[in-house]
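Consider the two complexes below, in which chain A is the common component and chain B and chain C are the respective partners.
This part shows the complex of A and B:
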């Protein structure tokens, strides 16, 4: 039924999903922008963050510990993955980078399946955040509202790191002109490693905070990865603001279409992407050149 | 990197004959090795699916993760016809499915090919996912949704005197093997055709492929549609093989498995996907059934795949080929070291190749005229208000200190970059805003300051690609034509190689050439498209003094019958070659005149030595 409160609640759902996509996409886009590697394992990292948090929750039954563990575990995972595999692919063609990260995604998914099986797992939100809030004319699940806030805070933190720190300056400069940054005597490899870690952490954090909303399965990352790609194409590769804008657009498109007919959510998303490609081939906030 | 071979070196149909023999022998041999017929059949379907994908990925360099969309489309169109409409002719249904997939591939390609590189990969991932959801939901009434379409019939042919029934297992094998064979024969023709050569050129260097006059968008779309057709037909066969069209044909995993199998088997070989599928399916059976690993088989395969990508990138076929080469080198006679052959001096120097003749001769007047040409990059002004005219048959030199905007100026003349303002007229035609491909087709091209070659192709293949641009035009779909039947190709290639002295090195891959040879090949690529106006951007850069002398001689010999504009920092060479010289400074024309005038011009000396006064 199409009615007012339903519509508003879908708008908020869209906002929550959009913020989440924005966070994951920022991770993907800064990795690509800085390292020049499109990480096809990004969706698997999102999923892994969820499971890492789930493991911590199982041990402690504390949601806070779960979130911190999920994010930190993925930061470490990202640092290791960059050091052990990705580093050897900077000098190789894009196709090789795609193939190896695709293979790693499969390994991550199947490893999680090996340990946790295929059945769904749920990390419950802390009691204070459970239940619903009344917005006057409608009620809405409390945690989902809080989720928007949490993810917005994470995005803000990422923004501060990218735009207010020395590391962020180097990363942004690297997106513009990696050769120049290298010749300025900055150890780009260390920067690359840290950037990959931060990108992985963003995905992992998103994975665990989303776990109370959508229960975990080993495949949960695949759909997210596809949506993330659409976000990045819409927003423009390498652009943090583009990822945020693209994320919000994609989130709303999915939510609003789902209200009418969930089957068309992807069709509409794809239509939006095609439209952007026709009108602004480099994405809404992207610049030509980085490809 | 398989390459087309000069005719006569070995039987031209060797690969086809061996393939046919293996396909015929398989049902007699494989059962003794413990192969289940259904596994063999599945390998054939994956192999056929993969031929098209390899043309797209291995030959053209476009890594698509969206092939499941086309596999599913072809499969479901065929299965729908056979199960829901009372249509009974299996093969015709498969062909209709193939055509439908090719058509959908064309539409999808129009979107996906708007971008290259990782964008292309991301868009194809999205496409795969969209098709999966569309099949599952909006089109569930036609596709059976998550149930798929059961009851797909198997083919049977009434030959009058007997009836041929292909049912399942080894009984279906001949039908699948026949179509795999047809697929390989067509695939081999495509990769040996002029289009196949251009596919490889696009993989190696799309920028240069466009600059020698090929419509790379058209050819990429062609590769995409060919891959879609193969996918569609294979999808139909999947339904026939299983007597059921499964919805998971549309799943992203299908695309992923195809990509991985191709990489495992070896891309750019056409047979790689078949080999990869065999490894994949046998390993799956082995890990699941023999080692009782259950679902963990995918984890093992994933690890194997990652290791393969890290350490054996050319896949199994590529690895075997390297091994054979290694063994062959050790046993065989000492291969002469790859040292540069001296520039070839035939007793009778080859007749210089003339520029193409135009039907619309303009006789008098400038061949190229630029007026008010400016190029701004943001606030940076690279060129400002350049007016410039070159007469037919002239050799014009362009000099200027570093940063004078010479290369930007050249890029504007060849339409690689478009001017911020101004107009360029070539042979009486306004070419401002045209593409570099169209301009090359009109007879204007350039050799690059930094070599833009097709690195993994041989010298001959490089020049062939450029000559094809001239001989075949911008776009032509002669997918099944053999290279030797392109009129004039052999002559054009031999002649060009003779001119630049690379005849003796024709079968050497570019990567093994010495620097000076690469520079000459760079010029040969421009020359092979028979330009009436040839632009040379620092042709002498990085050459030794003796190479410079040779190259100046070469440039003089190719100047007959065409107009040339040469940028170089070698003043002696420019003063020797050029009839007139234009001096650029800070993006503007400083002065223009004969070599003598330029030599004596105070402003030119000031430009080169300038700033001394201020510094002092």
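This part shows the complex of A and C:
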């Protein structure tokens, strides 16, 4: 469908897709950048946030309550997960970290399946956000447009926490030189725990705000995890602005390619990642050596 | 001269000899009767004990998990009915008493996640460790095709689970594989006329196609049929199995000017793409049609989205009003599992029943003889009337059921999602046996 109105529609859609990918990826990249742990359970946490929100929605039928519950539940989950499991893996080889987070992902997915089964669960958007917006040349789901704003606000909040607060300063210092931060008398482990909690909260928040778009199944995090990795690699591992940029690029690639040939949408995404890896192995906004 | 009465006259001697031979033959284990056959596949190792095992690799996770669980329940019920000699099973497999050839049937189950590699690995393990005498499972034709190849290589029989691709009994058909359910060609030939009648000639169609053998062949069959009524394809949105989002595809469709959206996606992909299509306002512009109906589609999609939608399917529980065996099946299934069976469960049950019938009629588990028994073209009683296997491509000749979605206000009970509007006899819907390049291969 190569025509002007479809092109603009796909551009907007790419933005909406990209914003969401940016939000999920930012949680993954903050955790990796600070803790050095590549969290393969991030997709499962995204899914868990959706289900936590779904449980709250079932109880209250309030979307706002669902969103807050999804995000907070995952923050708590992240804090506990860091304290009980992840902490013991900082000093261990990367493959151990990959294995333990991969294992946790399986446990989380199957636990959710145990309680909720494999069937699709739907958290409807609030009535005022349902329906479509007519932009003249196209109609677009209202909620998806609003979602761009919601995600932008969430990313801004993350940005402020990371770049404009004392905690953020410590986190960023911890990324650069944890030994120095430690010797300054700052409890690095506590910072790590908080960072893991924030990363998990970002995943949980993304999971529940995305629930009205994709419908929940226990596998919803799996497919998104792959895309998230692509985003992080394109943007630069460990870079928060990189995750945002990478997310937007990935969203646009999927949307624009699908306009020309839908079968190649995901092929092009991986082709773009390969290209970035060849030209800038540390990603577009990444710092050499950090990965 | 006194006539000597020989205790054994020549005639009596023959009789006694024959009697001993018969008694001796009966005393031998059955497989020994066929001892002149060299071992093949898991035979005779898999049938030497008091039981035989069937290996099922079925998706319990992933995009098709929900449908896989339904299938599994169908197989489990069939195994229980075989071992218990249930009256329903005896009506389908008329020589069945208890078990199959008197042996208890066991079911070994593994999760395939609808991935060909996982399914083949699991079955390979079942062949080695359990000496399975029959394999089943697929809710994806990619799995069915891979399993076909494994079955032919390992010489172990395979009955498909759900598989809608033309290739399964077409270009990828094998001597060791059999399919009970309907497929792209018959779905298109059955649903096509209904769509043309409902929406008219010379319409524009948009397709959503999952990117593998099932999707491509079903879409092709629909396009070919509808072209005969002047329908054109304005766009075909091909997406990977398990795509996380359909927005970009749906925008293309929204901008395509199509009259009808023909959604070939399956499992959760179908649920998600239909839900998202509604949010993109697509159903205000075009009608939806589903050529290959998906178990649990209506309750999972929710709302009234499927109200009025036409779909082709294998079985729907209200067929109990027409077919006595369907009634018996629905009652037995509901009693066992507390819900009305979907077509995946029905397909699973019938596949095992037909296999049991083939084995009982062959009188042996020796695979080439069982295959020949399938190929004999016996008329079989089923939950959709009389059916038979076509010997040239191992496809069951069976009706295709056309259903139309009910609005919530029209539903008489909570599982009354579809209205059966037509039952199309199978034979006229099918292509010629060699039209899709089927070459079955060897028996041994």
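The rule is simple: the second predicted complex is superposed on the first by the 288 of 291 C-alpha atoms of A that agree within 3 Å, B and C clash if a C-alpha of one lies under 4 Å from a C-alpha of the other, contacts with A are read in each partner's own complex, and residues count from 1 in each chain.
Criterion: a residue touches a chain if its C-beta (ideal position, glycine included) is under 8 Å from a C-beta of that chain, and two chains touch if they have at least 3 such contacts.
A quick note: this is a predicted structure, and the numbers were derived from the prediction, not measured.
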Putting chain B and chain C onto chain A via the overlay, clash or fit? clash
Which of the two partners, first being chain B and second being chain C, lies in contact with A:59: first, second, both, or neither? neither
Looking at A:135, would you say it contacts chain B, chain C, both, or neither? Reply first, second, both or neither. neither
Should A:156 be classified as contacting the first partner (chain B), the second (chain C), both, or neither? neither
If you stack the two complexes on chain A, which partner ends up touching A:113: first (chain B), second (chain C), both, or neither? both
Would you check which partner chain A:98 touches, where first means chain B only, second means chain C only, and both and neither mean what they say? first
Touch test for A:263: chain B only (first), chain C only (second), both, or neither? both
Can A:275 be said to touch chain B (first), chain C (second), both, or neither? neither
Output check: A:213 vs chain B and chain C. Expected answer is one of first, second, both, neither. What do you get? second
Identify the partner contact of A:223: answer first if only chain B is touched, second if only chain C is, both if each is, neither if none is. both
Select, from 4-12, 76-84, 94-102 or 148-156, the region of chain B that bumps into chain C once both structures are placed on the shared chain. 148-156
Is there a shared patch on chain A that both chain B and chain C touch, and which residues make it up? 113, 118, 223, 262-263, 265-266
Along chain A, where are the residues that touch chain C in the complex? 1, 3, 5-6, 9-10, 13-14, 16-17, 109, 113, 117-120, 122, 130, 132, 138-141, 143-144, 213-215, 217-220, 223-224, 227, 254-255, 258-259, 262-263, 265-266
In the complex, chain C touches chain A at residues 60-63, 65-66, 69, 211, 235, 237-240, 242-245, 247-249, 251-252, 254-256, 268, 271-272, 275-276, 279-281, 296, 300, 302
Which bits of chain A are touching chain B when the two form their complex? 32, 38, 85, 88, 92, 94-96, 98-100, 102-104, 106-107, 110-111, 113-114, 118, 222-223, 225-226, 229-230, 232-233, 237, 261-267, 269-270, 273-274, 277-278, 281, 291
Could you pull out which chain B residues touch chain A in their complex? 57, 61, 63, 65, 111, 114-119, 121-123, 125-127, 129-130, 133-134, 136-138, 252, 256, 259-260, 263, 295-296, 298-299, 301-303, 305-306, 309-310, 313
